[in-house]
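Take a look at the structures listed below.
Two complexes follow with chain A in common, the first pairing it with chain B and the second with chain C.
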Partner chain A sequence: MASLMRWFADPSRNPLAKWHLRAVDQSLRKYGLRYDDLYDPQFSLDINEALNRLPEEVVHARNQRLKRCMDLSMKHSSLPKDLQAMQTPFRSYVREMLAVVQRENAERKALGALPLYQRTIP
Partner chain B sequence: MTIRNQRFSLLKQPIFSILNQHLINYPTPSNLNYWAGFGPLAGICLVIQIVTGVFLAMHYTPHVDLAFNSVEHIMRDVEGGWFLRYMHANGASMFLIVVHFHMFRSLYYGSYSSPREFVRCSGVVIFLLMIVTAFIGYVPPWGQMSFWGATVITSLASAIPVVGDTIVTWLWGGFSVGNATLNRFFSLHYLLPFLLVGASILHLGALHQYGSNNPLGINSYTDKIASYPYYYVKDLVGWVAFAIFSSIFIFYAPNVLGHPDNYIPANPMPTPPHIVPEWYFLPIHAILRSIPDKAGGVAAIAPVFICLLALPFLNQSMYVRSAKFRPIYHIIYLLFLADRLLLGWIGCQPVEAPFVTIGQISPFVFFLFFAIMPIPGRVQRENPNYFSENFAFSYPKK
Partner chain C sequence: MAKGHVLNLARRSHRHSQSISTLPGPPGPYVMIYDRLAEAVKQKLKRLENPEDRFLKYNNPHPKDMIPPPPLSFPLTRVTTLPNGLRVATESAPNSPNMATVGIWIDAGSRYEPDNTHGTASFLDRIIFTGSKRRKKRQLEQIENIGGELFAETFREKTSYYATVMGNHVPLAFDILSDILQNPRFTTKRIHIVRNEILKEFMNQDNHKVLAQTEELIFDQLHATAFQHSPLGRTISGPAKNISLITEEDLQNYISTHYTAPRMVIVASGAVKHEDIVEQVQSKFIKFSEGLTTSELAAEEPAIFTGSEVRIIDDSVPLAQFAVAFKGASWTDPDSTALMVMRTILGSYNKRSVSSGGGKHKGSMLVQRIAINDIAESMTAFNYNYKDTGLFGVHAVAKPDCLDDLAYAIMYEVTQLCYRASEDDVVRARNQLKFSLLTEGTISVAQDIGHQLLAYGRRIPYAELFARIDAVDSSTIKRVACRFIKDKDIAIAAVGPVQGLPDYNYFARRTYWNRC
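Right, the complex of A and B next:
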């Protein structure tokens, strides 16, 4: 099953994956976003924790991209083509830290420790 | 604090300050589009249904010998009665159209996903209450479709093993649909909309816990604006468009969404040749009919609502919400929408070839949509480097 999943998501072997990556790339460039900008701290407290551990300038740059994107979306427009060509949509800045946070939480859980943070209901 | 220093602003007083906080100065994402207007519009529809319903109830008589004629009395003799009746009957259809747009909007932009699970669940409860209210509200006119529709659908409860027949007798208040049934259905039809109001307030409260989603599915804390006046004006455009659309039905084609057999007084002797529910029940009716066994058909309805309730919990690993950045999901969503429309069409077709085959494939596709929801998250977990800079085509050659 795992090898099937890996084949499915390999753009060099699966044309669907290649098309999918190009489509996501175009959508992100249109709004001047990186893929990691789509990660919402409200979706998961792990993302919130990961963002809190990042350097301040990285988080500020993220906020500026988000604000620019919200403005473009409100005006139903997109970035100029020359700016779109300069974007780096798949440059990651939060996923590695998120993986670290998730590993730490899994370790805490395995050791029987209380979680550092918990979601409130609702 | 002296009287001179006190601020007499109404919006700062208790209760009004809550209204100000949640309905006037509420921080809303700046990039909401017109699809976001269907939620408030659904609230407007509820108010319209309650107001018209209360005025109709002043002239209606819930008795088997008088109900049909009292509706005709409202239509012919009561000043503006025809308008009230048509507004209420077509208002129910409009309410369900608006709610369907609202649900499909939430499905496309991923508004159902974390942290808004409770908003989704309360919304499904509202949808269920609406369906029940609409079903029992179709009985008071006491036409042929009212009587036989009530008979057929309440008889489905007899599919429950052991206690089924007892439940049906308890529902009817007798050994067939009769005066007792009409009275209790009218009473419940008056009560349930007020439960709907409470559920709607809960729905809004759950939404305001984290704030609205937006078409991009991203966190919108960087750019929020006050709800009033911006979104009131934007929603007003939608309300006017809705008023024009529903006026076309109320004034020019008030009976096109109904069934002509409901203008025949209810008669337990002759069974109508085609007992068809109202258009908004046709997809569920199609799913019910897709399984030849009666108990199986009844049992197939519950998974529909279970899937709707479980949706936020099926996709926990997929951090991206909106279909704007999920091109494969965009295509699957369009197929799901087409399947839903197909189910509605199949629901009013006779049970013969080729409708039987189509009617069995369509529910399968409907449930398949929910079954494949966990797959994207799983694929992403197996391939953490998928959205990374490994792929040379992403960047232009200098």
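Right, the complex of A and C next:
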């Protein structure tokens, strides 16, 4: 079962996965976003904590990309072709930090300590 | 028309410029400052997982196999088999200061007795040091006068009599041991005295609940239920009825049937020399004869494991005790080493004792669950091996209100061994097991030699022992656990205020997982 899932999600083996990867790549390029920009700090406080730990230039660059994307979306247009060719949608900057933060929280929980931040559903 | 011509020209030049100038490619990962900084962060995070050598100087977050001691640094155990079948084994320890342990390990126990005289083995073990034909009890205390000690132990499959003395008193020790085993004298008066002692102890156990709350009671009940209808299920001391009916004839019969030369091993360890010991044994231990070997006896009455439970509900005691056990491996089963490693993975825990090493920071996941949630007073995983079977399980003492959580935690961790065994856990358990098997001191060495010669027929050298332990890795653990644990019968014994302990079906359902 596990190996079937792995095959299904692997672009080098499953043509469907390759098609999906290409589709995601093109939509991200159209708006000038990276995949890591889609992580929403309000969806999970872990993402918020991870972004807080990154250097500020990285976070500023992320915010500028998001602003550019919002502007393009409002104008119903997309990034110019030459800029689209320069995009790097799958270059990651937050995934490792997010993994570290989640591991730390899991360790805190396993040791029986209280969490550092909690969220209330308003 | 001119306009259309101009437009065409413009369009062609536009297309031309587009096709000639290639689109710029994506920049490398170190061009923009935010990318450089992100890469630096990733490098630092990777260093977190693999700390520098400075931090690895004394210890390592990931357990590594310990460097084994050189195999030739252990003294050799020399075994000689005499013509009557008696085996003599010695291990001279060059470092031990003139201390020696000499003794006899016999492949006999409460298991091999017939039902009507059951209890003779343990009775004999208590009466044997009260005298022989040549010596009175006073004279047996010679051993204590010279600073030595005499020990006698009886288990279900093994009996041992040994003495620790100074090196130059070894002949005296042999004299005494050979005398009491070959020429024992059981006067009626002495038999009465010992019998009354034993019966009084039994009565005390029934009346005083505190005494009855020992681990022995739980394990006796566990054996009785797991091996019901089989001689291994009997208690070591026997029922009170048999004890009151034992006569001198029974004791002599027992000695002549079970204390036979092929089933005995004479062990000497410490400041001894092999040739001297063999000489002394040959001159003194002459009266032992041939007889049935234990493998034949065990084959006549094999041990049958019955999945069952026994619960003794008793609200007057403050703590509840219970033990859950699976059928385990025999001594000579190739998977017995893997079971030892599994027992070490599960570990042991004691809330009160400071020396139990760590409390909730121990390596075993089961101990962590129990300690963090405070659901037990103490817990031990046990692994008993017998000639043709074994018992593998967990014993716990807890307050009565958290028994269901404790049952869940124990069964979760035990069944987890069938599906997941992380390399870290296995390496840690291997190291702990190897360390615990390195015996020091003449008494433990003698016990080890005697026990190994009876169980395996030879002394296993440390290099082989460590190689066997190293051969157990995570896939072995999973296979052996599936063989002994997954969806197999269990035996449960519980004593105390155990109303909150879940029923047999709860435990039996949790011997397998449907989710993996």
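The rule we apply is simple: the second predicted complex is superposed on the first by the 122 of 122 C-alpha atoms of A that agree within 3 Å, B and C clash if a C-alpha of one lies under 4 Å from a C-alpha of the other, contacts with A are read in each partner's own complex, and residues count from 1 in each chain.
In this section, contacts are C-beta pairs under 8 Å (C-beta built on N, C-alpha and C of every residue); 3 or more make two chains touch, one makes a residue touch a chain.
If you're wondering where the values come from, they're calculated on a predicted model, not measured in any experiment.
J.: Overlaying on chain A: chain B and chain C, fit or clash?
T.: Pair status: fit.
J.: Is A:Arg91 touching the first partner chain B, the second partner chain C, both, or neither of them?
T.: In the superposed model, A:Arg91 contacts both chain B and chain C.
J.: Give the label of whichever partner, chain B or chain C, reaches more residues of chain A.
T.: For chain A, the partner with the higher number of touched residues is B.
J.: Regarding the shared-chain residue A:Asp25, is it in contact with chain B (first), chain C (second), both, or neither?
T.: In the superposition, A:Asp25 contacts chain B only.
J.: Output check: A:Ser73 vs chain B and chain C. Expected answer is one of first, second, both, neither. What do you get?
T.: The answer is first: A:Ser73 touches chain B but not chain C.
J.: Return first, second, both or neither, reflecting whether A:His60 touches chain B, chain C, both chains, or no partner chain.
T.: Once the two structures are laid over each other on A, A:His60 reaches chain C alone.
J.: In whole Å, how close do chain B and chain C get at the C-alpha level once superposed?
T.: Chain B and chain C, overlaid via chain A, are at closest 6 Å apart by C-alpha.
J.: Following superposition on chain A, which residues of chain A contact chain B and also contact chain C?
T.: In the superposed arrangement, which is not itself an observed complex, chain A uses residues 85, 88, 91-92 for both chain B and chain C.
J.: Would you pull the chain B residues touching chain A in the complex into a rising list?
T.: 29-31, 113-115, 117-119, 206, 209-210, 214-220, 222-223, 319-321, 324-328, 378-380, 382-384, 386-389, 391, 393-396
J.: Can you tell me which positions in chain C touch chain A when the two form their complex?
T.: My answer: residues 23-27, 29, 32-35, 37-38, 40-42, 45-46, 48, 360, 368, 372-373.
J.: Please give the residue numbers of chain A that touch chain B in the complex, ascending.
T.: Going by the criterion above, the answer is residues 2, 5-6, 8-11, 16-17, 19-25, 27-28, 31, 33, 35, 37-44, 47, 63, 66-67, 69-71, 73-74, 85, 88-92, 95, 99, 119, 121-122.
J.: Taking the complex as given, what residues does chain A use to touch chain C?
T.: 54-55, 57-58, 60-61, 81-82, 85-88, 91-93, 96-97, 100, 110-112
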